[in-house]
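In the two complexes that follow, chain A is the common piece, with chain B as its partner first and chain C second.
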Partner chain A sequence: MEFLLMNHPLDCPICDQGGECDLQDQSMAFGSDRGRFTEVKRSVVDKNLGPLVKTVMTRCIQCTRCVRFATEVAGVQDLGMLGRGSGEEIGTYVEKLMTSELSGNVIDICPVGALTSKPFAFKARNWELKGTETIDVTDAVGSNIRIDSRGPEVMRIVPRLNEDINEEWISDKTRFCYDGLKRQRLNDPMIRGADGRFKPVIWRDALAVVAEMAHKVKPEEIVGVAGQLSDAESMMALKDLLNKMGSNNVWCEGNGSNRDADLRSGYIMNSSIAGLEKADAFLLVGTQPRVEAAIVNARIRKTVLAKQAQGWGPDTLLEIAERRHPFSSVLLNAKNPAIIVGAGLFERKDKDAIFSALETIAKYANAVRLDWNGFNVLLLKAAQAAALDLGLVPESENSIESAKFVYLMGADDVNLEKVPADALWFIKGIMATGVDDWKIIRALSEVAGVKLPYDTLGAIRSRIKTVAPNILNIDEREPATFSFSIKPESTKKMDSAPFGTAVDNFYMTDSITRASKIMAQCSALLLKK
Partner chain B sequence: MSFTLRSVKVPPNSVSLEEARHRVFDFFRAACRSIPTIMDIYNLQDVVAPSHLRSVVAAEIRKHSSVTNPKVIDMLLFKAMEELNNITEHAKQRHHIIGQYVVGREGLLQDTGTKDQGASDFLKEFYKTNYF
Partner chain C sequence: MLARLASGRLHEIRRIFSQPSVRSFSTALNYHIDSPDNNPELPWEFSDANKEKAKEILSHYPSNYKQSAVIPLLDLAQQQHGGWLPVSAMNAVAKVIEVSPIRVYEVATFYSMFNRTKVGKYHLLVCSTTPCMIRGSRDIESALLKHLGVKRNEVTKDGLFSVGEMECMGSCVNAPMITVADYSNGSEGYTYNYYEDVTPERVVEIVEKLRKGEKPPHGTQNPKRIMCGPEGGNTTLLGEPKPPPCRDLDAC
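For the complex of A and B:
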């Protein structure tokens, strides 16, 4: 204890780690109340690790946990130990930012205050924060997180341990997106006036206008798009509302317009995230897990470590399907081959052909058996799986082109260029008004004269139970019952256009992260190659 | 500053419920007696009648009609007396009196219910707040 504290500064009162510091706890339990060290304490120059991690290197006790994390989990060999003896220090050798998507985790694993959160610096003390355990929505992984708040303000986001999903890590986007919650919020419903400006109105007027518009158009011209951050309850309400109005054109953004939700195995991670560790060969198609789901990437990396992922085009995929490619033999020899398909492919026109090629591969590689299901779909958005579970699939492919009335439930990324110019809009941003989405829909349904039969969260959940009971199966992973083997064969041809990137900027993928200042800094500094 | 109602004191404890009850009536009388002064100093002749103010005081008292603990009644009386003193001393301004006792808690936007007639409880709650 004395040796550890010898060179450790006595700045606990101004240290962000104070109150949750391992060294503080240890020295309170085992330390002496006075030191015998009389010489000058050493000091170390602070390192610049980017916009997320603040360093006070004098506090470092050289435990090298951050070095191990960066090398072994994040897979970036950025950090290392320099010097020897009392000159030993952690650093990047040359001035270099930490560009990993998981870099924020070094804040958690640092036992002292050497690596702390830059956006959280001097903002709050951990004992004045109230923790709320919840699930992350910035990607489709569903990382377990705890949101620490002081009063109404979110102060920080930290991970919770869940060995089946995120272990103890979360991505930087999850950890630092919270400042986006504080900016560009709508407080009142607004209606665009004749002069083209938005005017705040009260709910009674807003709902009356929307209900009137909805009755002016034909039922099949009504379209509903659920946003990528929507909750299952709201999506259920949206689908029920549109169905009651006579339209079945409702989907979730990111799912494309022609998804069939009949087979659950066609859109979930069938081998489970933890199960990926058992796989011994990976075929990644149209996906870049590093930016689409950084936590899953860490898991894959944990498994393969030395092997490298390759970018496949549709031609290569066809070659593998026809066993003309050398990778086919790797798949054939693998005991537990895992195929991971990116959800970016959902938007492609030749989706069916790609999936049937993948199913051919899965069949000959024996990837789907009783004890192992290696056919995985890596979704991009938090709401996608629940949307498909609830059957949010559009009736016709081109429904948006003939739409007159569009209900965008927090959907910001829909391509609206195709919508006819005379369409009547009802846009509702995701961060609207601090009112639960399902309540708005329930209220609108009553004003429009198609009253939905639920008034409470409990009632809407029992409605969900009749549609998709697996959603209410909390804390347990519900595997899909049927695999694609019962799916009808597709005879369509594949398009030779290469698979695009589904996520251009890891740090900005939804309305919250786009409003976030920290995420803007990250994309400016860390994406520069 | 002098307390105009210094003579009406709330002694520390009522021995029985009966005594507390008497004190409530004493307070009500004191309040009624000060109403003309209040009307005068706050210039309320145009906005309210003395009888309305009396019934407001009575309603405030009746709001706590279920309280049977003499100690609690004493405490409420003390607060009532404090409020009355503040008012008679002109420690408040005209809009305080109007806002609190003439217009009432609901404010000027009193919903007469014509618009929401036939609406479900859910919708009525929804227009008020998100938290229900």
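For the complex of A and C:
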């Protein structure tokens, strides 16, 4: 302990790691309360690792955990141990920011306060914080997280261990998006008056206006879109409300308007995230896991360090399907081939053709067996899977073009240009009012005269149980049976347009992350490189 | 009494602060600062002859352990670049052995014989470990620095000389010693010679000879010694040594 503390500053009172510091704990447990070191402590230049990680290099005890993390998990070989002896230090040698999507995890693995969270610096002490265990919504991975709050304010987000999903890592977006929760929020319902300005009103008036408008239009002109961050309960209520009003045009952002939800195996990660480690060949189609699901990317990386992975455009996909491509033999020889399809493809017109090509590949590569299901869809948004489980699929593909009444439940990314100009609106931001979405819908249903038969969370969950029982199986993964024969054959041709990128900016993908200052800094500093 | 102790301690602390507190082990900092003659944008490549040499070096190692060649390749790059390693040379080595640059920086910063700042064509390294220090290596260093008019690790204006410090080079029996790393002729004419039993006057002579382009004979500078034998010839082991009695097999 004395050797470790020899060059370690005694600045625990001003150190952000204080209270959750491994060195502090060790020293409390085993250390003497005074040292015999009377020389001058060394000084080390602080490194600039970007807008997320703050460095105080004098506190570093050269454990090299961050170097190992960067090299082995994040896959960016930027950090290293420089110098020797008492001059030894962690650094990048040349000026370089840490550009990994997982860089925030070095904060957790640093046993001392050398690497700490820049946005959280000097904001709170960890013993003042109340932890709430929950699930991340910024991507479709569902990383297990703990939200630490002080009073009403979210102070930080840290990962929870879940070996099946995120292990002990979370992406930077998950960790640092929380300041977006504090900005640009709707606090009251508002109605746009004749002058085009929004005016805050009380709930009763707002709901009355909406109910009246909903009755003015024909049932098939009612459209509901659930946002990418919606919870299953609200989506259930939204679907029930619209169905009761006679419309079946309800879907979730990101799923596209022509998605069929009949086969659950067609939209979930069939081999499970942890199961990807068993794969020995990867075919990535229309997906960029690094930005779409950084945690899944880390998992794939862990697996492929010694193996191989490749990704191509539609033409190559056809070649592989027709076994004209050299990768076909790789897939054929692989014991557990994994095919990962990006959810960005759901928006393509030729998606049926793509999926049938993929199924051909899966068939000949024997990717779907009783003991191994390597056909995976990598979803983009948190609400997508639950929406499809609950059957939020529109009746007609073009419902939005004939819509007169649009219920946007926190859906910010819907292309509204197609909506007719004379449509009546009901837009509700995701971060509304602190009232649960399902409660608003339940209240609206009563005002509109189509009362929904539940008014507690328990009641709405038993309703969900009748529709999609798997959603209520907590901590349990429900696999989907997979069968090639059920799906109708597709005769459509594949479009040769290249697969686009589903996520342009990793740091800003939804309303929370777009409102976040930290995420804005990240996109400005890290993406230009 | 207490006050005197305190002031004594204060004096000691001041003394420590007045010196550079960490003695530098190498010629540079542990991080890189861009400068016109040293930045990652400058092109750097092994010369054709050295490419062959690099290939030869790589052939010593299994093809899946190319990174084992990092030290000999850095050495080769340093010889080619006049005794020091700019960051682009390290990047070039990283490319050859197929690792990320930081893995090369780690090695180059670890070893003090890799210079990451400019050195003179003749880099003079004074041994400062205990035996040499006792035999006057500090006087030798100050004689060199005074004669050349530079500080430690500084290059003379004509770019010919620089003086560095080195830990034990294994010539303790001929202490004090200096090493002359000669980068004046590229990697082909590179030499790394020990000058042993030096005196403050002798090192200045050596420097002047080097300046004239001469190659003073290396090894011991004491004319009365042969290599590391005693001054004035052997004093012991003059006859044929007798075998130890226990090993006299005939006696058994």
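Convention: the second predicted complex is superposed on the first by the 519 of 529 C-alpha atoms of A that agree within 3 Å, B and C clash if a C-alpha of one lies under 4 Å from a C-alpha of the other, contacts with A are read in each partner's own complex, and residues count from 1 in each chain.
The rule we apply is simple: a contact is a pair of C-beta atoms (placed from the backbone, for glycine too) under 8 Å apart; a residue touches a chain by one contact, two chains touch by 3 or more.
This one's a predicted model, so the numbers in the text were calculated from it and none came from an experiment.
Superimposing the complexes on chain A yields a three-chain arrangement in which chain B and chain C fit side by side.
In the superposition on chain A, A:W203 makes contact with chain B only, while chain C stays out of contact range. In the superposition on chain A, A:S86 contacts chain C only, with no contact to chain B. Once the two complexes are laid over each other on the shared chain, residue contacts for A:K451 go to chain B alone; chain C is not touched.
Counting the residues of chain A that each partner touches, chain B and chain C differ, and the larger count belongs to C. Once the two complexes are overlaid on the shared chain, A:E20 sits clear of chain B and of chain C alike.
Shared-chain residue A:E478: touches no atom of chain B or chain C. Vertex at the C-alpha centre of chain A, arms toward the centres of chain B and chain C: the angle is 120 degrees, rounded to a multiple of 10.
Once the two complexes are laid over each other on the shared chain, residue contacts for A:E220 go to neither chain B nor chain C. Once the two complexes are laid over each other on the shared chain, residue contacts for A:E347 go to neither chain B nor chain C. Between chain B and chain C the least C-alpha distance in the superposed model amounts to 55 Å.
Comparing which residues of chain A touch chain B with which touch chain C, the overlap is empty.
Those residues of chain B that touch chain A in the complex are listed here as 115-116, 119-123, 126-127, 130. Residue ranges on chain C touching chain A, taken from their complex, read 13, 16-17, 21-22, 24-26, 29-32, 34, 40, 87, 99-103, 105-106, 109-112. Chain A meets chain C in the complex at residues 39-40, 42, 45, 47, 77-89, 91-95.
The part of chain A that touches chain B in the complex is made up of residues 202-204, 434-436, 439, 442-443, 446-447, 451, 455.
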